[in-house]
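Comments concern the structure below.
Read from first to last, the chains carry the letters A, B, C and D; within each, the first residue is number 1.
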């Protein structure tokens, strides 16, 4: 029995953080944001060197064959660094979907390229969770029409699309009839967008007629977002603690005031148990599928609440400087905010958790 | 209990309303100082009408009316109701003028109040410094007397409107050897003085609402000090009191709540109106109750002022509670909007111009600024509840 | 314009508190509780001398003819003293109902006696709000059957009963077919009970065929409970502040620790605005009936939340001693807890507030 | 990650289960010490089986097994699952014995451990005093050496089981002139010693779970001290660590949550099941998530112990978070029960024996006791986050 990270897993996290500290420090993030760069290719190429896009892809397709937990641990590191790279879709949701429900041909065509990081894949599954503004995609044979909102890893070469029946399709970014429109959000360290389909030829994943596949893709995406929030929250807590030790007011470090100490203690007390929760939920995805949906719903909703508290409280501990663009603390603040809303907010997730246990009347 | 204002005031309200009806096309928004002429014309009209500078003596260019709290409230209410600005109300008018009236010399009043009132002299406030935030009294910007002039060196931060202001009122340390609070003086000087550099300070919400201001040997005539040397802290506190009352105004929060209710009645998820989702509705009602408590508290404060009654604690808590509710309310709106709550700036489908996100951040700034929530709680416990101060640390 | 208390109102509150400080100090409350006294006649008689039961009864019936706000102010004083006397039903809900909906004969028969404090009246209207355990009373002509739970001011001579259609009835405590059973609750400073009716002859209030009368009786009861919570909460806050100035730990009064100071500041910051809210809502009952339901719902639910926070936080500031029976702080803790649950808890009240504004789909 | 215990442990679990199945009729509840014989027989059986005193050396009457964290957890889990008590586990066994093993003399171990283990010697803990709560180190109960005996005077409070205990382990001040923490010693003495008076202390929930204990010239043999004079604080901290870990146990909270779910599935309001009220369901799910986080954290701690990994912060937060969730959960249950949530003690219609109300209060006591939430936050910030201590006040 061992419920904790292996040395390899800890090393993986450290190597990602170390790489990003060098390749994507605050200045690089700012440039990415301020210049509205679609992709930070320099940062991405190092991620490829580390094997990140190949993490959960099977060895036979040129991947490493890790489990979802490893991907979640990487997501935690990305969140910790507010990394301006795609990940949730291109490295997790899409390869998992293709491996699970794609034909041999689809697997051979896409997985090696995804593993190499040559191809970046976005995912548009928002409407499989809930629909706003009459968005949604419907299929007519292998032809898609409609609109998909909040595609993740939007600056991509290929997209995974869910239609109204939760079937999954692959669509080339330059497919005829597809219009792409970026959506500006508060979180500018990652790219989001809208996809408009007018009779677009799509490549259906044959194994996706069971809607459970789409739901599992969403589960995977959710735990990745939750892990990202864990990493970003931990970083915001660390920054608050460090700042409080340096910042002097009234002739003493503000971290020696009980009010500030207790704010930091409350952040730690709320955040620390989330770590084990994230491990368990991500591990359950592969190892205990019967527990996965419930634990993942709870992990994402709970981390969303804790993250919101920490984003606010860390900014408060920083005082005025935390409110400036210059310090850049807000990149983490907004990243946590974005993770909260994407792929189901807390209220939605709690209702799904209740459903999963049969606590909601049909 | 008498919630009516009485017929004299009802008449006055009618008068204000009809003025607004007739003149609203002339109104200049107070946040746009680019068209100074329009601003000043509108200001002038309001001064003549007695809706700006109502209680400022005629000799200083005001309307010279007796202070009347209900008249003031009626004017404010009616302009707010009409959604137009009640003249220009920059920091000079709102904060400096009361301080000048209380502690300025006759000369200073004559020189500064009339153009300030007419929006010919726009002011910014030089208080916070990078190392003097919560601990404002530790400010280091220095002013040294050299002949007939103060020579100012140092830096201010969080200076809103510094880029457009003509003048600054500024806290500087003039008596470096005196105890902290007694070494500070209150200076007035032109922003065109040589040696001043204004650098925009971008905030997390992406806007430039603040600046840093750097002083290098800025020379200020000796008589542009309000009060005596070392009186600065006293003058500043006159200003700060007015400022804190402005933060967390529940009537503004009520407006945002109303917007949100409208939004929740029209916006849908899975074909269901947001207001029909019981968990959201329950939380919305919780906000409505909290805002209601603050609005009635505000009414109580109005009445207390009117009747010279003591309501210190009720007034002290307004900033803390008001800013907290405002921040939380905007965050809740983001939640109910789901992914759409993330949209910002020029995004298609963005709701209410992205104001939910912008205010969620800006209101966090309010919790921090003008005395952080932690400082507010210190004040409430010490001055409101007479709890002991923290013991002075052994050095 | 004057939104505040008159000198008479302040005097009224002071005189009640002063009387109760003398007549019902902690020892007297403890005796009442520990001996399970049904009524504290000694305490009540002084209340009668002060004119409390006659407060909202018209002068023509021997009352003082005050408005509901005055009664709420008295309730605040009672809450402040955790007074072991009946009030909400006997001095407010019942006389108001009789005055509003009773026949001349009913008014003449009951109001003077209620004003004199000779007769104590209970009220059982819980099931007009919501029904649990199949409780509820139905009328057959003027005969009542069924069960009413959580009668307020239970140790009474006469009861006001709401049936399923929200018609109101008066029933003598010793009416044939009526069984009374006390219900032990956490709040032992007041008495609650169950009334079981088997074909009990009842005296219908003719004006109560409009269900709005019953709803107004509930409104009145709710604001009284909210005011009671306001008084009890203020007292708990005061006790915490005072204790924190006396209690020494680590060589200094605990009230000089920032954590304790901020706990007290938060209590004050939440409670103080409730005062104006309670004034407005109680005043609205008489002066602005169109605003009354909404403001009263919000006042009771909001004060329930604030009161819960203060009950807990004040106990925490007191530390171990606050947890003892001896100190008696818990009488206020439990009184606040009881006010919260009675006549509609916060969730119920918020839903009613939404309904009142047309925000709930039919 | 490996969540399985492995086949050896699966076998062990089977063994424990089958023992429980066969012997559960003999189980004596550990909170009822009135039938000592039954208690001791059950205890003896469990010692022989190795389910009590498993790792205590044979020479002290234990089972003498090597420490095995998973075995210990399996035993605890299985007894909890079966709803019977895992032998008597009073303060002597849970807290004193580890301290004695670490710091007692051989003589003390031989004398005290065997009867303690067999539940022949029941202990209570004398730590808190009326003026030494959060600031435990300021305790004043004194012990003065008079010949071969300590003479103890003073008072303890919050002493649970003092009325039934045979012995007390007690913190006393023996070196009044030493610095606070260094002047304390750890004494053991019989509760039958002349000069001890036990007075029950009733709490807000109406039960007598605690006592005050008064000492008047209580004479204690000199050698009944654990460690050296002045070592008391060190010994006490060994005990306190064990205590804090016990508070806020999420597995117990999970049980309460399950009861609540059952209740909400059966109880109705206006004919609707409570679970079908969306606002309640949402809140319930929030609790489920919070308890889940704490349960997984607990699993992490188990694994960390097993593999000697560091998880200090994860362990530090358990009391604070665990007690908070427990208190709030019970309060929420009261809410969903409406007026019925008020019922208590012998009331008809009372739900779950009034345990929601009783625990709501008792758990508030847990937030206060064993180190208040404020003290916990100090510890987390200073020891967990390495934040600076408050400066020492100038005297």
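Here is the rule we use: a contact is a pair of C-beta atoms (placed from the backbone, for glycine too) under 8 Å apart; a residue touches a chain by one contact, two chains touch by 3 or more.
The shown structure was predicted, so the numbers you read here are calculated from the model rather than taken from an experiment.
**Student:** Would you kindly say which chain has the C-alpha centre located farthest from the C-alpha centre of chain D?
**Tutor:** Farthest by centroid: B.
**Student:** Where are there more C-beta contacts: A-D or A-C?
**Tutor:** A-D
**Student:** Could you tell me the distance, in whole angstrom, between the mean C-alpha positions of chain A and chain B?
**Tutor:** Distance between chain centres, rounded to whole Å: 40 Å.
**Student:** Between chain A and chain C, what is the gap in Å from one C-alpha centre to the other?
**Tutor:** It comes to 52 Å between the two C-alpha centres.
**Student:** What parts of chain C, by residue number, touch at least two of the other chains?
**Tutor:** 252, 257-260, 262, 347
**Student:** Touching at least two other chains at once: which residues of chain B meet that condition?
**Tutor:** In chain B, the residues touching two or more other chains are 277-279, 282, 374, 377, 390-391, 393.
**Student:** Considering only the defined contacts, which chain C positions touch chain D in the complex?
**Tutor:** Interface residues on the chain C side: 126, 130-133, 149-150, 181, 183-187, 192, 194, 248-252, 254, 257, 259-260, 308, 312, 315-316, 319-326, 329-330, 333-334, 337-338, 340-342, 345-348.
**Student:** With touch defined as at the start, can you tell me which chain B residues reach chain C in the complex?
**Tutor:** 1-6, 9, 70, 261, 265, 275-276, 278, 281-282, 284-286, 288-290, 292-294, 296-297, 299-300, 302-304, 306-307, 309, 313-314, 317, 320-321, 374, 376-378, 380-382, 384-391
**Student:** Where on chain B does chain D make contact in their complex?
**Tutor:** It comes out as residues 277-279, 282, 390-395.
**Student:** Residues of chain A touching chain C in their complex?
**Tutor:** 257-259, 262
**Student:** Can you list the chain D residues touching chain C in their complex?
**Tutor:** Touch residues, chain D against chain C: 128, 130-131, 133-135, 138, 157-158, 201-204, 206, 267-271, 277, 279-280, 327, 331, 334-335, 337-350, 357, 361, 364-365, 367-369, 372-374, 377, 393.
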